[in-house]
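Following this line, the structures themselves.
Here subunit A shows up in two complexes: once beside subunit B, once beside subunit C.
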Partner chain A sequence: MLQIISVWIAGGLTLCIFSFLYGDNPVYKFAEHLYVGFSAAYWLIYVWHFTIKQMVINPIVAREPGAWMLIIPLFFGVLMLSRWLPERYSWISRWSIAFVVGIGAGIIAIGQTQGLLLPQLRATILPLATGNWMTNVNNFLVIIGTVSTLTYFYFSRRETGLMSKFSRLGIGFIMIALGAAFGYTIMARISLLIGRIIFLFGDWFHIIKPL
Partner chain B sequence: MIFLLILSFTISAKDTPDDAGGSITINVYNIPEGTEQIELYRLTKGDTLFEEVGLIPIFKGELDDATVTDGVLYLYKATALTPDTVYVAEIKEFASSSPEWFNKSRTSVLLFIALFWVVILVYIQLAKKNPEGLFIRKLPPLEAMDEAVGRATEMGKPVLYVPGIEYITDAGTLASITILAKVGRKVAEYETRIINPHFDPIVMTTAQETLKNAFSEAGRPDAFNKDDVFYLTSEQFGFAAGVDGIMLRERPGAIFLQGYFYAESLILAETGYSIGAIQIAGTNATTQLPFFVAACDYVLLGEEMFAASAYISKEPRLLGSIKGSDLAKSVLLVLIGVGVIFGTFAAIKNVAGNPVYMEIFDRILEFLARTAE
Partner chain C sequence: MKKRVPLLITFITGFIIIVSFFVPHRPFGQLETETLIWYAIIFAFTLVIGVDSLVRLHIKHIRKRKKGWWYSIVFFAGFFYCLTIGIISLIQTPNIFQPGTVFFYGYETILIPLQATMFALLAFFVASASYRAFRARNIEATLLLIAAVIVMIGRVPAGYKLWPKLPVIANWIFDVLQIGAMRGILIGVALGAVAMSLRLILGIERTYLS
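Right after this comes the complex of A and B.
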């Protein structure tokens, strides 16, 4: 019984959201507000249960080894609340923001260098005379595509002469890549739509056999 | 005199190097011929019974036991099973795991970043001495930002600014906050309203501070409405639904989608397009760029966002970092050029029957691949 009710609620809300295709209307508004409200509440519970309780309170209460280190994030977390204090003291919250931003920038620098820059460098250093002309053409396209795209993202020089031509070639490569990515993602979205239609006509109306 | 050396099946256990702890590396040597499988057992100090850890791959002769606790002492024993005999090897001393402060395998990353850091510092100093000396080319979407805010003002409609759905630690979100400051100043000058919904509370706090400063710089601190910078939800499509609702009900004249986006990018950009707003997007999420290019009037592509924030602020630090990153790109181009020439030369020699250069080339590529692991 409970399953039937939940299927009816899910199906009804799906139709409410689909009604947006006609235009903004009270039914869509209802589903939207319900969704936003529920998701905000869900995240509140999630943060309390999985972050504050499990990662801060429980280790401190259980006196786990190294739990004293949690005082640092806890301290910065409490500082964030100083935003509610009068203007004279609310600036203290910036310490927490500065801490998070600084750590984040450091992590990004390593991650981008190791995860993107060096693999790209490795993938572009390719020989152009492998003995197989198909591989040679492919390697040439990879090299010229990477070099011209890098040239497009060269900001501190005026785009004139050869640089301008290379930069235009670079934007050409970027657009081809974006077009391919667009088509690929549209296919993925259509599969999401198919999933919803199967739910509506299979699980709800029983017109088609659910997968 | 003949010495007969019999190599016996042995085992060693040591703390896994260059890790964050929680792992002991076990190696087995002189695996007996005909071994079908090697089983590994572990005895925790204080216990009396060995527990099974798993199988050591014979071809590798090595296994990382990642189920250990730092500081706890373990004794290991391995058994090599052949069709007719069971060979046993055991370590004599207890082993334990501990985290390392420095990961030596990433030394090249450190060197690269250190070099990059020095270059940027030099350019920052140059930018401080002569800010006009560092040129940054114009970006059309930036030029259009003032126009977009002006258009919204003329139409009597608000401006909507969405800073993406990533956290403050993301580079795109940080760049978005700088762009928000520019948009905020213009909004304050034109006395328009800016609506700024958020996915993350910390980004919201930063945005509130940024807009408050922007309004003060524009001489209109009184016009800043803290309630227009608000938290919506941290659920991806809940956020998208909420922002769509704002677009339909508030009908902003200009929409800025600046930051890191995921699958909601097309939903947002399409809705913005349907209400006829001028849209200026910018993201470092390469997978979402196609949708912004298709549905928005102007787009800042990836790194253009970071250049934009330097261009807007004219901050010596940002200008210097853009100049420094351009120099890093030049270095990369040179490295690619040298690598391709050497690789081609090695391939020609290899085809001609001399594989020495190809081996060197493969080693270089292997080194780069290892560094990127």
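Right after this comes the complex of A and C.
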């Protein structure tokens, strides 16, 4: 019985959202506000369970070594709540923001260099004489694509002559990449749409066989 | 106090994180993992601020009887329903994020269909946007069109039926041509992110304090 109620609610809400295809309407707005309200509370519960309980309360209760250090993020977290105070005191929340920005900047500076910049550079240094002509051509195209794209984004010098032509080649590569990404995104969205249609006509209306 | 202390905090925390990467010994060694936990804890408090702001906004809508104020009641209905079943489930079971709990039932019945349909709805808007974007007005737009069409057709069984080489070409576009450009973009993004991080740590970029 619970399953049937669940399918009917889910099906009804699915149709509410799809009604937006007709235009902005009260039924869609109802579902939209329900979604915002439900997900706001969902994230509160999620954060309580996975962050506050598992990362703060459990280590303190279990007296894990180093748990006292959690005072630091808790202190800055509580400072964040000073935004609720009058303007005279609410600037204290900047300390927490500065703490988060500092951590984020440090992690990004290291993470992007180690996890993105260097691996991407390393992966671009490809052999051009492997013995397999197809691999050679592919490697050459990857190198040319990377360098020409970087040339297009190099704004420190006016692009003239050969550099301009190379930069234009970069635009070509970027367009192909964007086209491929766009096509891939459309396919991903369509597969989600197919999923919803299978749910509506399979699980709910039983017109088609559910997967 | 209002500007210098936050700048100092940003500098010290950012500097410690960078140093911890180069000094893999105590107390710096574990600091990177530790600070990620700290980051998540402070994020929890920012979420409270965000939800509070959302709740205040909807209370204001209801109080002032703004146009469409009753949608704010729907917001509160969804909010308190999820919060209530969440709290009840937290009291009843240790892990509420597993199938069988009331909370998971609500999640499966309300949040998943709403979220999936919201994203599925985008298929229609992306399709109409692609109609405008894919008009072959010049060489660049033609390249975009050809790449997108080959990837779309090459990724479905119909593409294989049409021409068995189509999926191979689609994969080649992805693995070679797209990789080249994406690598260029990613290297640019990484350089930009590192530069911005250093600007923040050194206090050159201060917009987050305004």
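Simple rule for what comes next: the second predicted complex is superposed on the first by the 208 of 211 C-alpha atoms of A that agree within 3 Å, B and C clash if a C-alpha of one lies under 4 Å from a C-alpha of the other, contacts with A are read in each partner's own complex, and residues count from 1 in each chain.
Criterion: a contact is a pair of C-beta atoms (placed from the backbone, for glycine too) under 8 Å apart; a residue touches a chain by one contact, two chains touch by 3 or more.
Fair warning: this is a prediction, and the values are worked out from it, not measured in the lab.
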Once chain A of both complexes is superposed, is A:153 in touch with subunit B (first), subunit C (second), both, or neither?
both
Determine, under the contact definition given at the top, whether A:104 touches first (subunit B), second (subunit C), both, or neither.
both
Could you tell me if A:181 is touching subunit B, subunit C, both of them or neither one (first, second, both, neither)?
both
With both complexes overlaid on chain A, does A:164 touch subunit B (first), subunit C (second), both or neither?
neither
For A:128 in the superposed arrangement: first (subunit B), second (subunit C), both or neither?
first
Applying the document's definition of touch, where does A:58 land relative to subunit B and subunit C: first, second, both, or neither?
neither
Superposition-derived comparison: subunit B or subunit C, residues of subunit A touched
C
Going by the contact rule set out at the top, does A:24 touch subunit B (first), subunit C (second), both, or neither?
first
Which parts of subunit A are in contact with subunit B and also with subunit C?
17, 20, 29, 31-33, 35-36, 38-40, 42-43, 80, 83, 94, 96-97, 100-101, 103-105, 107-110, 112-114, 117, 121, 124, 143, 146-147, 150, 153, 174-175, 178-179, 181-182, 185, 189
What does subunit B use to touch subunit A in their complex?
106, 108-109, 112-113, 134-137, 167-171, 174, 202, 205-206, 209, 231-235, 237-239, 241-242, 244-245, 248-249, 263, 266, 286-287, 289-291, 293-294, 301-304, 307, 322-323, 326, 329, 332-333, 335-336, 339-340, 343-344, 346-348, 351, 361, 364-365, 368-369, 371-372
Sort out for me which residues of subunit C touch subunit A in the complex.
2, 5-7, 9-18, 21, 32, 34-49, 51-52, 54-55, 68, 71-72, 74-83, 86-87, 90, 96-97, 103, 105-124, 126-127, 130, 133, 139-141, 143-152, 155-156, 172-191, 193-194, 196-198, 200-201, 208-209
Going by the contact rule at the top, pick out the subunit A residues touching subunit C in the complex.
2, 5-6, 9-11, 13-14, 17-18, 20-21, 29-49, 51-52, 55-56, 66, 69-70, 72-74, 76-78, 80-81, 83-84, 91, 94-110, 112-114, 116-117, 120-121, 123-124, 138, 141-150, 152-153, 170-187, 189-190, 192-193, 195-196, 199
Using the touch rule from the top, collect the residues of subunit A that touch subunit B in their complex.
17, 20, 24, 29, 31-33, 35-36, 38-40, 42-43, 80, 83, 93-94, 96-97, 100-101, 103-105, 107-110, 112-115, 117-119, 121-122, 124-131, 143, 146-147, 150, 153-159, 174-175, 178-179, 181-182, 185, 189
